[in-house]
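Note that subunit A is present in both complexes that follow, paired respectively with subunit B and with subunit C.
Up next is the complex of A and B:
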């Protein structure tokens, strides 16, 4: 957390004050959400030039609301607050988010924010994988202008996002899918307090005849520089009547869309094998929630 | 460059001059002499620095002291009253849930929130709840037992 060049710790109370601090320090200003990944970035040598921290907890960006259309989550909502969203307990289409939120330890859930977990652009986190399968849309605002982007557009490589200096994620929106939909998430982890070896989230909609109307399959955790969708697996399922064989076949296909890495957590071969296994399990878990 | 901040710790207000990148843990230990919260990994991996901020267990090594302004901080020193341990502390002692003691203060702060959120946790909930706290001595068994007993009492 030590920032050798730090000159200023700003705690803005309005968007104008954010812009003022961002304008003064440009690329060397760092937004501070819950702060739980600052060490992670610093330890990788990514924060050596930071001159200003902009702590955004006083901007009123925490809070969430569910409507018939879906869920809106303020960027500073912590995981612990999000877990209390009543819809998480009841709505099958949000199952992936509910599952993903069970993994981080209590002390992280109490501080980690929805905006921070996304902006960190860390493929090893769990909640972003769930958000990708849930087709999350982001509201991003900077000096004056506001824009809406899809989650995938935010990721610009390992620990890199596409935000301009002074731009913030202010809100995450999850639209409720049409029809009968359910989602699920699974993380493979070495220990309870570690980041994912691999993780997978799926959302699937099925009609009364058991035909897949829509599907999203997202993978994270050492399978690429960013969390990724598996277009190959999705294509195999879309429009088809689902069977155990087809699900197995689709799960195998995720191998075509990921680039598993080798590190202290696992070999690339193990990641590849387990990505297929947990995708199959996540698909089955989501389908079991449809009934 | 140091700046003057005000922190509310265990019911007392402290005016302290800190570096802008000082963590809450370093201010508690090095400026205020509250050495109950331990510096283990200093990187969110062990939990022995756990304190409460506005009633929530957090890793004090992962929070900037400046971010903790305006919030109520409670450390292990703030539990119990003069001459009388908090019931969870008392149970840890009586159940022998302490060996070297390095993890204990953080473990108890986590157990406090766990029992606050779920007054009657089963074993799985206890083990899941303390997953962010490492103990290298006890093998966890006695810690889990102590939390169960504290819940029963």
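Up next is the complex of A and C:
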């Protein structure tokens, strides 16, 4: 079967033990979060070189907290737990995360972790798109050292992250934006069990006059090797008073920043057209939450 | 008249195996194992068309744990056709497959097999087998395959045309001349898989006399025995196929022999150990699938809405081997395309073509879903264009109750309530309030559509060379219960429960007093496969006959013991009473006890003799075919919502009306309809197996690649209207349900989409991209 070279299943209880196991196996050690992505890799025979699995359940990385500043989410928090965060129900600025969490199938929600979903660097997942629009910051810890990075810095390419062997994501932080802000997320899917054909998340802040103070537009699902932001669309909106026409115009502009692919889910042309449609819908959805 | 005083039939009983299945299903063949069992794996060709020049297995054989390796030279080269429902030597089928062959005709065809102590070792061994292939040109498109100069897939089959069946009635050209309008269109369907849950699995064991015993997830016990014996060159008595209590789905797929059954037997004979094979999901995908078809349909019509002529042609990709191609296209033509609607002039021409694609197989509906998509879509086009009401229009052109059966005029449509299906379904859906085509506003538009299937089967009586007899054995126990044994395979639709209900009703026992007792081909009477729409009607009939036989024997013993007249006795809920004097009663248990007791019984009052007449196990037995092939009739109405910006379609509601003669178990019947709709929505909107256009390799390996509707895509409202027309030839009036509920959804959905957005899509699946393209938005 797929894990033909597996020699060790490590269950570290301290960061030091993670480093020890990682040092022993180097690139052939794989961190195990909820295992839902790893399971798929294994079933497809893509883990034939892996020698050690490092199960990080005993590191105490699950949990979440909300403060006036924002939200902190431990890397091992599952989607199902995260859904229970009370702020999701009330805070308009977290709308994108709330929306994104409605899509994964229940079985996945019960096991998939926040750390795993971003470390996978898979452009077809939903929560990372929402996190990018929400300007997520990550705490990464390795042998002794801790560092803070932005989510975009984590993505090194298709299924590749920028972590060093033995480095872990320990926490995701979402800072509450200033002013009147709201966010929204939409996924276009073939079936409820499937990954995104395309998805889009937006976060927008406006002043009292309805002028856009800040906007972040993120797209995922086969529109690039990683989840991407649309600078072109953002530029059109920033500093402007938002109207239906302007939103439509900005949504059209996302085409300039994405490179849609063709696969069994959809053609590139369809993805391109849909990226525009759902960006517009997500913008409108966010705006409706401002009021 | 419908019998109304039934105790068990018609009741929403709980399946006997429900709980057991939910907690893992001990009885599923995939959970079966034998001590010391080896594990088999197949090496598959990466090429779609090739000749094997050389196979070197020496490295594989040296791997520790490998017990045997097989290549084409090690297996009997007896050509076979995998279809179970026809005799192995039937003149009506083409035998062109081998267990392992030197010629590869589709990517993924097995070329060698290994048995090893573990699955991992077997898989590793495959990588150590060196095969030298001579690649041959391949062709995947049936139209290309027919062209001059296309690669020859089977020696001597010119232009790869396997068969060109046809039929005609009247003078179709004259009919088109009589027509006021002519409609014409081409309708295409794709390759889809049944997606049964339990993989194909088998364990073969061979004894020292060379007798083979096989445990398998197959849908036909006797077919398995027959094919095993045939391909191995053995008499059938040398093979025993053991019945699993239930199988995790078939939907038609498992009424075929795969490669694993014969390979496991050969490897078992060689190693003297039991050998198990289990397909991966990928192997299941490439085992067999519904035949893609291209139907050209032309209809002549009079101003009054009657047909003057119907012409159709069908191109069927039968794939690398004949398998079902020549058979499925006939059922498709007669029961799918032509006979459901009356027309004085008809003609149909079929072409069955070889390609280097994976094998075609049976799939619930057997050629009719492809046909109904064409016929029911075109009727909708006609009605839309000429302003006919689709329901009245259909009633004008379909058979009536009491008409001779269009396939075999010796039978009559004794029970036949298509009119009720159409009218009641329409009323429930609110058909009369249906909006005009394309009149909805907004980005998301709703539409209502319907489709009917006027003629279908309840079995296969009347078809040439197709098995259609069933048998059953009923034995009564001293505790007043009964065992029912039947070779029918319960493939998940609840056949066992249905058959127990029929037996209980006939015997006068409570439902839970009858238990299905599995057997094997050594001790069960023959039964045709679990396929077509036959089990309730045909196997059910045999069960009822066996139960009646047992009841007759029971009452005869009771009459002796009770000193009553047999004709005066009746049995109900486990009690035998003299009609009119209920005080004279005896329980079934007591009667059976007397029959099973010794000649002299010592009781509280001392020894008392029993009579010879009472002695012996009370049982009943049957082996019969039903006298006819009763037709169900169905109509389905659906409401959809089309997002005209994304092209996505959501089925919001479905109303399904079906004349099934009699509902035996309403819960199971609803389950059939829901499952049929689920497969129908998949066929209509999303399912499609994908292949590499260069190599023909199947790119669909699991359910991340293969899109089928989940619970979320299902309409929250599925309403069943079961019409009980009481079929006189069926057990307690029952006829069939199983397949029609998958035949109608695709055209009903296509018609609803048309109603919503005014765009007609004539090829399945109706993907968002096709919709946007048709709307001019992509």
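In this section, the second predicted complex is superposed on the first by the 284 of 291 C-alpha atoms of A that agree within 3 Å, B and C clash if a C-alpha of one lies under 4 Å from a C-alpha of the other, contacts with A are read in each partner's own complex, and residues count from 1 in each chain.
The rule is simple: a contact is a pair of C-beta atoms (placed from the backbone, for glycine too) under 8 Å apart; a residue touches a chain by one contact, two chains touch by 3 or more.
Everything numeric here is computed off the predicted structure, so don't read it as measured data.
Engineer: With the two complexes overlaid on their shared chain, look at subunit A and say whether subunit B and subunit C clash or fit.
Structural biologist: clash
Engineer: Thinking of the overlay built on chain A, is A:270 touched by subunit B (first), by subunit C (second), by both, or by neither?
Structural biologist: A:270: touches subunit C, not subunit B.
Engineer: Contacts for A:46 in the overlay, against subunit B (first) and subunit C (second): which applies, first, second, both or neither?
Structural biologist: neither
Engineer: Would you check which partner chain A:143 touches, where first means subunit B only, second means subunit C only, and both and neither mean what they say?
Structural biologist: neither
Engineer: For A:55, select first, second, both or neither according to whether it touches subunit B, subunit C, the two together, or no partner.
Structural biologist: first
Engineer: By the touch definition at the top of the document, which applies to A:2: first (subunit B), second (subunit C), both, or neither?
Structural biologist: So A:2 only meets subunit B here.
Engineer: One more residue to check, A:192. First (subunit B), second (subunit C), both or neither?
Structural biologist: Both subunit B and subunit C are touched by A:192.
Engineer: Which touches a greater number of subunit A residues, subunit B or subunit C?
Structural biologist: Of subunit B and subunit C, B contacts more residues of subunit A.
Engineer: A:32 in the overlay: touching subunit B, subunit C, both, or neither? Say first, second, both or neither.
Structural biologist: After superposition on chain A, A:32 lies in contact with subunit B alone.
Engineer: Once the structures are superposed on A, label A:108 by its partner contacts, choosing first (subunit B), second (subunit C), both or neither.
Structural biologist: After superposing on A, A:108 lies in contact with subunit B but is clear of subunit C.
Engineer: According to the stated criteria, A:152 is in contact with first (subunit B), second (subunit C), both, or neither; which is it?
Structural biologist: Neither subunit B nor subunit C is touched by A:152.
Engineer: Looking at 7-15, 25-33, 61-69 or 97-105, which bit of subunit B clashes with subunit C?
Structural biologist: Between subunit B and subunit C, the clashing stretch is 97-105.
Engineer: Find the residues of subunit A that appear in the contact set with subunit B and again in the contact set with subunit C.
Structural biologist: Residues 1, 40, 43, 105, 192-193 of subunit A touch both subunit B and subunit C.
Engineer: Would you pull the subunit B residues touching subunit A in the complex into a rising list?
Structural biologist: Residues of subunit B touching subunit A: 1, 3, 19-21, 23, 42-45, 47, 50, 53, 56-59, 61-64, 66-67, 69, 110, 113-114, 128-129, 131-134.
Engineer: Applying the document's contact rule, which stretches of subunit A touch subunit B when the two form their complex?
Structural biologist: Contacts found on subunit A: 1-3, 6-9, 11, 32, 35-36, 38-40, 43, 53, 55, 57, 80, 102, 105-108, 110-111, 192-193.
Engineer: What does subunit C use to touch subunit A in their complex?
Structural biologist: 119-120, 123-124, 645-648, 686, 690, 699-705, 707-713, 768-769, 772, 777-778
Engineer: Report the residues of subunit A in contact with subunit C in the complex, numbered from low to high.
Structural biologist: 1, 4, 40, 43-44, 105, 188, 190-195, 264, 266-267, 269-270, 273-274, 277-278
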